[in-house]
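So, here come the structures, one by one.
Two complexes, one shared chain (chain A), two partners (chain B, chain C).
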Partner chain A sequence: MLDDIIQSYNEAVFETDRMAALNVVDRALAQGVTAEEVVFKVVIPAIETMMSLIASDPDANLAQHFMTSQIAVEVTEKMLPKFRNSPEVVGRVVIGTAHGDLHSLGKRIVMGCLKAMMVEVVDLGVNVSAEHFIDEAVRLDAQVIGISAMMVHTAMGEEGCRKVRARLQERGLTDRIKLVVGGAPYRFDPNLYQAVGADAWAEDGINAAKVIIELIREVKRHDTP
Partner chain B sequence: MLTANHSNQMAVLTVHVGASVTCLPFGRGRSVREILDLFGPRVRAACGGIGACGACVVRVLRGEVNPLMPAERLRLDSAAQARGERLACQLRLLGDLAIRIDHPPPPSVWTTIPMEDLCPVSSEQPAAIRYKYGLAVDLGTTHIRLSLWDCGSRQRMATRRGPNPQGVFGADVLSRLDAARIHAAELARLVRDALIDALRDMLARELGKVTPLLADVGRVMIVGNTAMLTLLTGAGYDTLIDPAYWQQPISCQPPDWQAWQQAWGLPNAEIVLPAPVAGFIGSDLVADLIATDLVEGPPGSMLLDLGTNVELALWTGQRVLVTSTPGGPAFEGVGIRHGMPVQIGAIYRVHGIDAAFSCEVIGGVAPQGFCGSGLLDGIARLLENGALKPSGRFTVPPGTEGYRLDPDNPRTAITGHDVDAFQRAKAATAAAMGTLLAVAGLEWSDLQRLCICGSFGHHLDLSLAQSVGLLPPLALSRMELMTNAALSGCEQALLDGAGMARFARLTHLMAPVNLSMRGRYDDDYLDHLRLKPISLSQNQTIK
Partner chain C sequence: MTPLEILVAAIHGNPAPRIPVFCNLLDQGARELGMTQQEYYARGEHVAEGQLRMRARYGYDNLWSLFYVGKEAELLGSRDVLYADNGSPNVANFVIKEWDDIAKLEVPDDITRHPAWVETGNCLSILQREAGATHPICAYLTASTSMPALLMGMESWLQLLMTGPVDLRDELLRKCSDLFRKEVAAYRAAGVHVLVYSTPFGTPSFVGMKRFKSFSMPWMKRDLEPGGVEGIVYYAGMAPFNAVIRQVLEELAIGAYYISPMDSLAEAKAIIGNRGLTCGVIDDIRMIHWTPEETRAEVRRLCEIGKVGGRFLFGTGVMPMAIPEANIHAMLDAAFAQGGYA
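Moving on to the complex of A and B:
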């Protein structure tokens, strides 16, 4: 039965048909599938399949990326209150767009994937200064700062990731807070993330969630020797 | 089957230069020089095509031609006539014709803008103008367009269109602004040299003299997007990429006019740059408003200038809401697998019944790729026949090669990536229109007039643009297509003694809207990614 549900859910997401996807979930719940199963057996694997499908599919488009994560968040948020035990949160991330950059869509997709994969995300919004990134990460005790930059000059410029890295170093926070970047310019030049001082980058939402979870684990290992 | 549309008014002009051969299908009746100035290898010329200079000699190889004209008897001796020599400006295309140019001029990037792409300018004289010649310039990111005027008689002496040479520093505005951090002087020099080169080309070819006439040029008026203006003058480009400056006027006046006059060799020219409105809203948009008389029309009139950077204006009756949005270069055929500019070989229209498509190709030759309007038509036709779904996905994945409109021609293929690029561009545009309307408290159905300018030119098929959701489904009578509107507006202001005041008055009415500060823009953008008509009754209240 679960296989059936998984397949129809995947199809709906692939066709960016939000209503159809939500119907599948309702039907599943009605048939006795638990909220936990919906999230862990249907939604999360679906994002993974979808992202890898999309990544290898020359025809994949932005609407698909977006709907994949959007539907996932919607379903996850609906399911969470139905969980018998509150799920274990992996860790916490603050995310925003680089100084000077107002492109928020990429960040929204990444947030969706993170939420669906049980990472707590705090949105710092757009055009975020280096100081604000760090102040908020410290205040909220986040393990990772995520910076999204869609334009060449905001991805490479002095006011973005480079400055966040410099401030982290000045304040001796490099082991406590990891820095991850994403956005089109990092895809064009896969070494750019290192040049601007980030610990990692990811090319899409699901990989973003994966590398971020990795980094959170790294920080936590460091914290609890 | 794919066919190039030939009407019986068409004839083919075959041009031999050295070892190269060019075929130019064209309407009958035009002079050979006209045709060559628009598309071709050029002939030498030193007069406005009136048979006065005798420079435009070509040799007829075969074909039907008009009899020798009086000017030709005067300029060509009997030996030349016996060799079949003619003056290209006097020679008309009556049927298929083959010619050879034995002494071609050095190659040039400049071509003439077709007459039908220009707006007529009224002959009434609004104010006395004290100088003889004036130059109007629309400085675009990709192309530069210019026209030279005899201001006294209000006659357009010549037009030119050519590439912006800054293209070597990157196709889009931001990469050029970025390059300016290091190469500002070089960027400015490139484009300044290009402008004077175009002017000299016009004077030499249409008036036969250059240096003595330069002193008669009394005014040069330049409009363009803000980035291009700052790069031209070398002032203000560094503030442009800072969001703090977007809704503010940006100064881009050159520090020293005299240096320009000197460098250009135009001792008497007043060089005028109407100020741009804000960060990404240039004086070209103001010129568009002049050309379309937008604020003379009813409230609810909108102007859309489609290009890599889409600019929009909405007249509310009190003010003009203006904004810009990065459509991306898909509208100009850039970043598309088989994309190309509007030039010979570009598919610019696609017709289709069931699975058979027929393409109209510029110059009527075999298709080499799509320009913006061809891509739009292609996508709309694929959607119509079900090969493409509203999600932008193909019903049967065509693979990386894409879907060929003509199974026999790989250059007629549209890929999934092309469709995605188009979806993003049209979503950015439609969402921007919707947001402006919402800011004004209007619905789509309140739109009284929609003027569409920019990269598609007159090739845009309005109904197809409606079917994919680029334009709202208004009655076609409310929509107008205009080519070269920015140049036309600049021309009008150039010829009007009070031209700068017109710019100032319109700029004063303008209220820039920053789309990234409008929460709904994001959601609208995602909604508009789907390839489907815009719903006129969509709720417009601001979230």
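Moving on to the complex of A and C:
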């Protein structure tokens, strides 16, 4: 039964058909599938399948990324109140667009996937200063700062990721808080993330979730005595 | 031959001494005039002067009338712009904040009388007077399917496109398409030679092949049919679109394609063949960190692929302000040297 549900849900998500995906979930619940199974055996594996499809399917596209993320977070938010026990939180991330950058789509795709994958995400909005990124990451005890930048000058500028990196170093936080970037300029120059001092980058919003979770685990490993 | 004659020869596959070499140093114009971006973009005469000086300094073929992407949204009421002195301006306050705002959008009857067009018109007049007989003048026009991203933000536009009411989506697209038709007519009347049709939603990497056929293509037809495709260049905002070139050729008959650096130029050239002009575009974001030698090598690679059989143009993408001067010279020197047919 679960295999059919997984297949139907995946087809709906890949076709960007939100209503069909939600119907699959409703049908699954009616058939006795638990909310936990919906999230951990249907929704999260669908995101992971999309991660691998992006690399292999020439027709993978931005609309699909957006809908995968939005459907995932919508279903997860509906399922969480039905959980018998609170799920284990993977970690915490603060995310925003770089100083001077107002493009919020990439951030939204990443946030949706992370929430579905049990990562706490705090959205700092657009045009975020370096100080605000760090102050909030420290205040909230986040393991990762995510910075989205769609323009070259906001990806590379002195007020963006470079300044966040400098402040992390000044405050001795580089082992405690990792820095990840994403956005179009990094796709055109895959070495750019290193030039601006990031620990990692992601080629798209879906795979960003995987990269961020790996960084959270790295920080937690470092923190474990 | 003048640069304009060289471009016309490339389009028609006629003999010429070299390929056309296009470049876009937009925000660099403000630096050239010692102005802030806000001062520079406030007046069409500044932009014209900046672009004439950039072309004279570097020697490439074309002249741009584009102020910044987002300027078009001002024709539909957008006002606030976030300027930056190290990069391009952003639309800072979207004119569509809620779906109900779509009904309030009004496409001006005569866009050339709209205050947002006046400075563009001034810029065009100067460019036309100073160089219109010898150098190609370029304009940038946003396709109906991409204009909503400038009016409401990409996030809200995708939300409406993927989950919103179809009638509301179509009402917005009709208005954007009507604006496009008026813009393209106004640019042609002003003597523009090259009309860069910016259509990121005209690529499967944005919407997938199925939606490209059912959604993007019909709207592109609506945009282009009344005025025709003379001078139109298909450009997807640097996103790859080789997968749809055949369909665009067959259904829209556009004659020039500005290929993404993420696509294979050889594949694009093979698809387009002698049916149109293939524009090979350098990944100019990498130029920020390349050496002049690396820059020259990439130009050589592109020209060796593209110029065989003619109908080829060398062009640039976003030309960030952070590109070192030496690399701009290296790129253009190499394009003129490698693009020669002698």
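By definition in this document, the second predicted complex is superposed on the first by the 223 of 225 C-alpha atoms of A that agree within 3 Å, B and C clash if a C-alpha of one lies under 4 Å from a C-alpha of the other, contacts with A are read in each partner's own complex, and residues count from 1 in each chain.
By definition in this document, a contact is a pair of C-beta atoms (placed from the backbone, for glycine too) under 8 Å apart; a residue touches a chain by one contact, two chains touch by 3 or more.
These numbers were taken from a predicted model, which means no experiment stands behind them.
Upon superposition of the two complexes on chain A, a steric clash is found between chain B and chain C. In the superposition on chain A, contact of A:62 is made with both chain B and chain C. Legend: residue contacts after superposition of the two complexes on their common chain; A:132 is shown touching neither chain B nor chain C. Set against each other, chain B and chain C touch different numbers of residues in chain A, with C touching more.
Within the superposed three-chain model, A:18 lies in touch with chain C and out of touch with chain B [touch as defined at top].
Of the two partner chains placed by superposition, only chain C is touched by A:188; chain B is not. Shared-chain residue A:176: touches no atom of chain B or chain C.
By the document's definition of touching, neither partner reaches A:167: not chain B, not chain C. Contact with both chain B and chain C is seen for A:153 once the two complexes are overlaid on the shared chain. Of the candidate stretches 75-83, 93-101, 183-191 or 255-263 in chain B, only 183-191 runs into chain C once the two complexes are overlaid on chain A. Shared contact residues of chain A with chain B and chain C: 16, 58-64, 66, 100, 102-105, 108, 127, 151-153. Residues 15-16, 57-64, 66, 100, 102-105, 108, 126-127, 151-153 of chain A are the ones touching chain B in the complex.
Residues 16, 18, 58-64, 66-67, 70, 100-105, 108, 127, 151-154, 156-157, 184-185, 187-189, 191-192, 195 of chain A touch chain C in their complex. By the touch rule above, chain B contacts chain A in their complex via residues 174-175, 177-178, 241-243, 389, 391-394, 397-400, 415-417, 419-420, 423-424, 516-517, 522, 525-526, 529-530. Looking at the complex, you find that chain C touches chain A at residues 82, 84, 86-88, 90-92, 153-155, 158-159, 161-163, 204-209, 211, 238, 243, 261-262, 283, 285-286, 288-289, 317-318, 320-322.
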